[in-house]
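Here come two complexes built around subunit A, the first alongside subunit B, the second alongside subunit C.
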Partner chain A sequence: MIRYLRLYGYFLQFSFSKAFEFRIDFYFRILMDVVYYIMNLLFFKVIFLHSKYLAGWSESQVMIFVGAFIVVDALNMTVFANNSWNVAQLVNRGDLDYYLVRPVSTFFFVSLRDFAANSFVNLIMAVSILVWAFMKYPEPIGLLRTLLFGLLVLNGSLLYFLVLMLFIIPVFWTHSARGLQPLFWTTSKFMERPHAIYSRVVRWVLMTIMPFALMASVPASVLFAPNPWAITLGSLLVTVAFMSLVLFIWSLGLRNYSSASS
Partner chain B sequence: MIQTQNLSKTFRVHKKVAGLAGSVKSLFNRQWLDKQALRDVTLHVGSGEILGLVGANGAGKTTLVKILAGVIHPSSGSVSILGHNPWSRSNDFRRQISLIMGQKAQLWWDLPAEDCFLLLREIYQIPHPQYKQNLEYLVESLGVKDQLNIQIRRLSLGERMKMELIAALLHTPRVVFFDEPTIGLDLTAQRAIRNFILEYRKLHKPAMILTSHYMEDIERLCPRIAIIKDGQIVYDGDLARVVNTYANHKILSVEFETEVSPAQSPKAFAALNAEVIFQDSSTVRLKVARTAVAQVAGQMLQQFRVKDLSIEEEDIGNIIEKLIRRDKDVSGKIVTPKL
Partner chain C sequence: MTWFNAMFAAEFKRMFSYRVDFWLQFFVSVAVELMVSYFLWEALFASTATPGVVPGHAPEIGGYTFQMMLLYVVFAAFGGRIVRGNERMIIASDIYDGGLTKYLLYPVSYLMVNFSRALAYNSVTIIQMGMGLLLLFAFYGLPPEYNFSFENMLMGTSACLVASAFYFVMYVIIDYIAFWVDTIWSLSVMFRFIAQFLSGLFIPLEMFPPAVRRAVYQTPFPYIGSEPIKMFLGRSSWSQWAHTNLTIILWTIPLFFLMQLVWRRGLKNYTGVGI
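Then we have the complex of A and B:
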């Protein structure tokens, strides 16, 4: 475990020294994400021009949800995104070879090697937006609930990555450039709305087999809902289940890996 | 150290008719084709031994190497390397092997080599003093001390390959797979890498398998070779024996004292039952059947005023080349000599 942390330390170090070399990309990413954040905030602001509540959520609650969702997105862009986009190329061009012969978990290496240091600024902005939403909340929020919320936001990011991987790993069989990613991008839109707006059946689906609600909306609800512990435990369990599933399918993929000939 | 038993690998590829119509058709009704990349490969490589794996493109060399390194799974057969099954990929196994592919870079382009090496030290958990000692030795013998802190993408191909070698050998593997380690390099760099491999072998006695398209690599590095053709090992034995077994000809070079007039010479040589490879006014090189060498040489001495005469073996690369390219029905006759 400590060894893996040390390895991650190296990944961070490499990414930062690399990021500062490509300045244009660095600024462009900031601009791109700022626009994205503003669009999302504005969307809900517009809704609350016409209504005081959205499926029982007040405006300040929804703002915290949007903050959470932006942080989850930024965390993913920073920690996982580059890596998940790379998987198809690693598999199709046979570049996975060198990862496979190293005496460390190949999945660890593939998931975390490329830390997007140039998204790090975005992560700081995203967290600021979340803090702003917290400060604007009219009632006091307990420390315990805040901690559980923080934990669930981290959990949500991991879950986001795991679900995305489920759509990417099929490249071991399809050898397409992106796997089933477009399908993921379409369905992941569910994550951008509070889950309370959906019908019961859809909510259930979004909290189990397609757990997009557990990524930002449910974490936000832990701040206001009556049963924070049950929500937390349930969310963590779903992550464990998805982790096992992804690792299992990953190992099937490796069995099928044909390593493009050099 | 390396032992394989009846190793086979079949890839399933889909057969596509050329053109758009073919693509559309294959969308609904796909025809699969089984391509046998390896059949019944049985090999043994001991400690300190370098086995040269020779074969045409697509013969199965790289597939074999990748199975042995645990990168891909075979369809059938078994492998034991240091007592491990490669494709279970246990860390204990992976710590003791190394894979070097001339065509695929393992080092990260944006980093200086030394940073990559530090990461590898962490991955392989090489103790500090040993890391320092290994690195010093490798850098010294490959002569890349001044390039350690330069980004990989700014290095020349030769320097980069040397860095790849260092990266692959830092953890002193006991089994090393080289897949075309000298591809695309100039002669000096090729020679440096060859010498280094030999020296490394002497020092650490790893079991090594090397594939290359350069016959000089094979001649200089591998006392023993395995020739692979259509996924099958058609020869496994001493390199020297290839010549004795398969060279049908020798090369006879003759230098004349007086000029031989071009008009008369072709006829004269043709009568000798030899093929002219090269000829100018005072020298000639002939390809002569092994059995006829003494006779032809004798006749030469009788018919011409010879200043100098020498007999050479046919180039080993040519022989192997011929073995690899032979038609199917002929290759059937190739016998694997008893080891």
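Then we have the complex of A and C:
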């Protein structure tokens, strides 16, 4: 475990020095995410000009949801995005060889090697927006619920990455340029709205088979729901199931991998 | 124009080379977009809606009944695709990997090569829109307050095509920035967010506060989204069609010259990686 933490420390050092080499991209990416955050906030601000509630959620509750969604997105952009986007290229070009010969878990190496330092700045902004949304919430939120919320946001971020990987790993067989990533980007739009708006069947699908609701919306609901423990336990179980599934399919993919260069 | 036809055909062929992927991506993306919007508007209309202007009529938000709002979403999904075109950052890739060099040696304009690609993409998108609308109307029918007419379709589609020329020029300018900057991906994504929001492709501009709406109408964006959609919905006249297209053309002309300027300056900076 210590070895993996130390290795991750080196990844961080390398990523920060790399980010500062491409300074303009550093600022562009920060700007892009800021625009994305503003657009999301404005979207719901406009919606709430015409209604006091959206599927039973008040504006302040939805703002916490938006904050959670933004933090999950920022966490992903910071920790996982650069890595997951590269997987298809690694497999198709045979560059995965470099990772396979390392004396550490290939999945760990491939998933966490590149830390997006520029998005880290956005993560700070995203957390600030979430704190602002919390402060604007009219009723007191208990410490326990806040901690569960924090845990579920982190869990949602991991789940987001795992589901994305499920769409990317087929590249071992299809050898397409990006795997099924475009389909993931399309379906992930379900995550951008509170799950309360969906019908019961769709909501069930979004909490189990395609758990986009568990990434931001359900974590936000843990602050207001009558039974936060059931939600927390359910969310964690789904993540464990998805983690097992991804690792299993990843190992199948590795068995199917033939280095392009050899 | 043989080369133009050839490029057009090549792009057409490229798009259909992964047929399953192509159609799956199209249908899934449209289906998800419409589903998410359907549930959002259903929830919003259920939460609150002002009574109709005429007593006894269906409740409205921003001047749209629930049925008309869904139709707005449908036309925003299809019209938006025509306007946005392929958004593949091909030019930036050509600059980064040196692929531009071969086009510089060809006796055709690089811009026209890309324009023919964009036109091919738009042709397929229009075919997709026709099929999508046919399927949706066949399964769900039309709202009683909507009068379908081919005239409206013609107005909307032509306005979308004119708008796509504006969007193409904007996108090419952003792509040309690749002559100076290592990656322009974030810049183009940022432009797409802003354009989609301010053009009313996410929410009808009628839902914005009046002062904000007036400010947004000082930009070209409403004319590439909201206005063409209104044409599809039968809420525009031919004079409004002319005004929309003229406004977009007036925005496009100076941007076109800016694009040419950026191209000339950028070429001086081009190193032709891989030569």
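Quick note on the criterion: the second predicted complex is superposed on the first by the 261 of 262 C-alpha atoms of A that agree within 3 Å, B and C clash if a C-alpha of one lies under 4 Å from a C-alpha of the other, contacts with A are read in each partner's own complex, and residues count from 1 in each chain.
Here is the rule we use: a residue touches a chain if its C-beta (ideal position, glycine included) is under 8 Å from a C-beta of that chain, and two chains touch if they have at least 3 such contacts.
Since the structure is predicted, the reported quantities are computational estimates derived from the model, not experimental observations.
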Side-by-side fit of subunit B and subunit C on subunit A, or clash: fit
Of subunit B and subunit C, the chain that contacts the larger number of subunit A residues: C
Which superposed partner A:W204 touches (first subunit B, second subunit C, both, neither): neither
First, second, both or neither for A:R102, with subunit B first and subunit C second: first
Touched partner set for A:L42, first subunit B, second subunit C, both or neither: second
Which superposed partner A:T187 touches (first subunit B, second subunit C, both, neither): second
Partner chain(s) touched by A:R3 [first = subunit B, second = subunit C, both, neither]: first
Touching partner for A:F28 - first (subunit B), second (subunit C), both, neither: second
Closest approach of subunit C to subunit B (Cα atoms, Å): 6
Footprint overlap on subunit A, where subunit B in one structure and subunit C in the other make contact: none
Interfacial residue positions of subunit A with respect to subunit C in the complex: 22, 24-25, 28-29, 31-32, 35-36, 39, 42-43, 46-47, 49-55, 176, 182-183, 186-187, 189-190, 192-193, 196-199, 202
Parts of subunit A lying in touch with subunit B, wherever the complex brings them together: 3, 6-7, 10, 14, 17-18, 21, 94-98, 100-104, 106, 255, 257-259, 261-262
Subunit A-facing residues of subunit C, complex: 18, 21, 24-25, 28-29, 32-33, 35-36, 39-40, 42-44, 46-49, 61-62, 181-184, 186-187, 189-190, 193-194, 197, 202-203, 207-209
Touching residues (chain side subunit B, partner subunit A) in the complex: 11, 58, 62-63, 66, 69-73, 89, 91-92, 94-95, 97-99, 101-104, 106, 108, 110-111, 115, 118-119, 122-125, 179-180
